[in-house]
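Each in structure tokens, the structures are laid out below.
Both complexes shown next keep chain A, but they swap its partner, so chain B is in the first and chain C is in the second.
Let's look at the complex of A and B:
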């Protein structure tokens, strides 16, 4: 009976792993063949389409745009989220619960609707479609996330350290920079990292709010109009590789922090 | 007063300005770029596309035009199918990872199981298109095995949409259910065993009921993310059968009809809200 459960478990797990990895393997495998269709049979390794991707200025500039939007919008989101979390954790403000609820409200609304709302508003206000507009949308989706993560980690312990610093004569800005930020660093880093990955991968808001200069997911979407295209395989594999490196780095830093 | 739990007293010198200076930027951002756009959308949904004043035409169009209804029914059907299949696939998988895999390998096994989660969402859907295409891997395998004579139409179908969604949500649910199973104290199982229950009865009467609230949360998350997603149905389902997000985007893309798109978005949001309220009540009953 035990052995039977074990064997069935292994088979089931293998099948699910297979299902999870099938599309990724197909994507990467057929990015490595020279033919103009990424379909079987596999005709041997070639880096032709990686060369094509790297010499495609639309894709490379979209990649730079994506990085720029991801870094800047995440910085804005984590800064606003941190300051408000600090404010709400340290001071008793009138209507605090309601205001905190307001800040986290965008978490419950789909990106499509947030993007639609901004599109209608910007259209009325005459704000042109741009990377800045998309970046504003990305702050809207990531600010509640950063706030929730950082706020949940603020406790009495950290407030006591801050009070000690203040009793020893530290001015407010010194308490913030030398005490609060270092103590909260793991939460701040987690908020920033999550914001980066969400912004990096976000499609529908960027699609609605940018026009000529756009982000990588939108540019990949434009590539899809031409059907199955080995260039899409190549850029997709590159994005996957970058994400894996980031995730592994994140895991390693977290793992290393634990024993300390 | 004795401790810092009442954090309002932590800083007697601060006065009034500092606390508000800290929280105003985030509140202002949310009001300006979340609440205001939502109000603008609501207002827009009550105007006619070709200018003019107040009208309910955009809403009545949804309730009278059967093709619009159809999109909502399609969305609800696909979302329900995806949620059920994903939970049924993910639960045993998470259980195996939590119970059958040795402790030291669990972190690695889980990380592997959600690795494709980190690929670009657009690319993940495209990858399924590669797998399911007319001359893709699945059809190639089926024909060469002689199981089918002609390649099957797999892409641009509901099956493709569901497959793409299930792929994503199996990973998500495996994460949440795994966390749930690990939180379960082993003493529950020991107690059940001491009282003479076999592994199957222990699972059915102890483990499953205790992880049910967590499953509900994961299922609700799946529902919300699935029903609002435009990418997967557009890439994998094509335009043969429209889901609500596709219908919304179509109003903007083809006709520039912001008022109708706004009305449809608000209807979609209302459905999610109703689902949330229904789910919240159910969860409370579960806990009592």
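Let's look at the complex of A and C:
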């Protein structure tokens, strides 16, 4: 009976992980296909399609665009998120709880709604569709996330450390730059890498807000419109690999325990 | 007479509805070691925060070196604070921690390092320069915090329960070192504690606080021998307290009726005045061959061996509410349940008027 339960639980775990990872495994596997169609039988392994991706200037420039948008929008999101978290943690503001709720609210709104809202707003304000517009969109979705992560790590313990710095003659901007930021570095990096991850494979907002220069997910979508092709598998695998790296960096920075 | 280094004038402070400091005035002399002693909630830490500039008082003024510092922020004050949790910068080396204040003053890196090393040597931690705070023990972190605060040569060093987080043995050891360091640097130290032993060991000037007021202040010997109030008689060391009324007053001698009998004292008080008599444990004499003032008999309820002496608790046979706290020699053959005569000498009775 006990053995049966054990076997059943193993099977269940296998089913769960299979359900989650099988699509990715299939994607990666057929990116190594030697022939022109990403369908069984597997004819690889071959790096032919990766070569095709890297020699396609549309794809490589979209990749660079994506990286640029991800890095810059994440920097902006993490800076603004840090400053607002510090403000909420250190000062008593009227309606603090309400304002904190409002700042995290975009987390619950779908990207489609945010994208449409920005599209209407930018139209009205005369901001053209561009990578900048998409980047601003990514700040909107990632700022609440950075705020939530950094705010949750901002304990009372740091208050005395900041006080000590002030007591020793540090002006406020030096307290922030030399003390608070380094002490909060794990949370700040975690916020940055998670923002990067989300910006990196974000599609809806980029699709709505860019036109000629666009990001990688939008370019992949363009590619998919002309049918399945191992090249899409190859670029998808690359996107996935970068996301994995970012998530691992995120986990390392946030979850790493300091040596006691 | 020289001007006081710190002059606190009629300071009151409220947190919301609660008044934590009530019209406190205090002067601190240059080079002195001042202890603010009191139970938690007595306002001593608030007073220290006001001195450090972290709290601005609701009323009153603070002068440091003759300048009005009431509204001056901590960064611009000639004070530094050693925090209870040390508040070392965890991402910086010990040397960078100690040099931080100098860095803020724009001192160049070489001078900074040299002076940080000197300050670390002063607290006996010269070898820790390149370590990180988390590699140090509690006592060592304490010293780093002290070096960091002293290196910028403040006019006043503020210490917020600096020994509170250390174990007893280390606390006594650090206590001696603090005193030695203070003597060496000559900076005025203001030190907050609730430990009366620490207060007696360290203070040149002891300030006993209770409920937002200063109950008593002076040299610890005086505060111990002649406490000004009943609170300071029981908080700074233990005392047996006898409640009484003045029944007669003649030629500078009063007779006080207490539940342990009448006591004659030399004092000028009107008959009918309510008084309390405080007697230190070492001044109570157990047994028949006692002092001049008989305090009846008492039944011993508890004897605690403390090494060099025995601490005796006894309940008066005349008044069950009256508890005597006495000190007996370590060799005394005294046991719970014994009934003994209790007496003392008139000169050692502390008269407290209510």
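Heads up, the rule we're going with is that the second predicted complex is superposed on the first by the 244 of 260 C-alpha atoms of A that agree within 3 Å, B and C clash if a C-alpha of one lies under 4 Å from a C-alpha of the other, contacts with A are read in each partner's own complex, and residues count from 1 in each chain.
The definition used in the following text is that a residue touches a chain if its C-beta (ideal position, glycine included) is under 8 Å from a C-beta of that chain, and two chains touch if they have at least 3 such contacts.
Values in this document were obtained by computation on a predicted structure and should not be read as measured data.
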Superposed partners chain B and chain C on chain A - clash or fit: fit
Touching partner for A:185 - first (chain B), second (chain C), both, neither: second
Touching partner for A:112 - first (chain B), second (chain C), both, neither: first
Which superposed partner A:249 touches (first chain B, second chain C, both, neither): neither
Which of chain B and chain C A:166 touches, first, second, both or neither: both
Touching partner for A:177 - first (chain B), second (chain C), both, neither: neither
Most chain A residues touched (candidates chain B, chain C): B
Once both complexes are placed on the shared chain, angle at chain A toward chain B and chain C, C-alpha, multiple of 10 degrees: 100
CA minimum distance (chain B, chain C), superposed complexes, angstrom: 5
Intersection of the chain A residues that touch chain B with those that touch chain C: 160, 163, 166
Residues on chain B engaged by chain A in the complex (per definition of touch): 3-8, 10-11, 14, 18-23, 25-27, 29-31, 33-38, 40-41, 44, 89, 92-93, 96-97, 100-101, 111-113, 115-116, 118-124, 126-131, 133, 135-137, 140, 167, 170-171, 224-225, 227-231, 235, 245, 248-249, 252, 258, 261-262, 265, 268-269, 272, 276
Contact set on chain A toward chain C in their complex: 157, 160-161, 163-171, 174, 179, 182-183, 185, 258-260
Sites on chain A touched by chain B in the complex: 5-6, 9-10, 12-13, 16-17, 19-24, 26-27, 30, 37-41, 80-81, 83-84, 86-93, 99, 102-103, 105-106, 108-114, 116-121, 123-124, 136-137, 139-140, 143-144, 147, 156, 159-160, 162-163, 166, 172, 197, 201, 203-204, 208, 216-217, 220-221, 224, 228, 232-233, 235-236, 239-240, 243-244, 246-247, 251
For the chain C and chain A complex, residues of the former touching the latter: 52-54, 73-76, 79-81, 83, 85, 87-91, 100-101, 104-105, 134, 148-149, 152
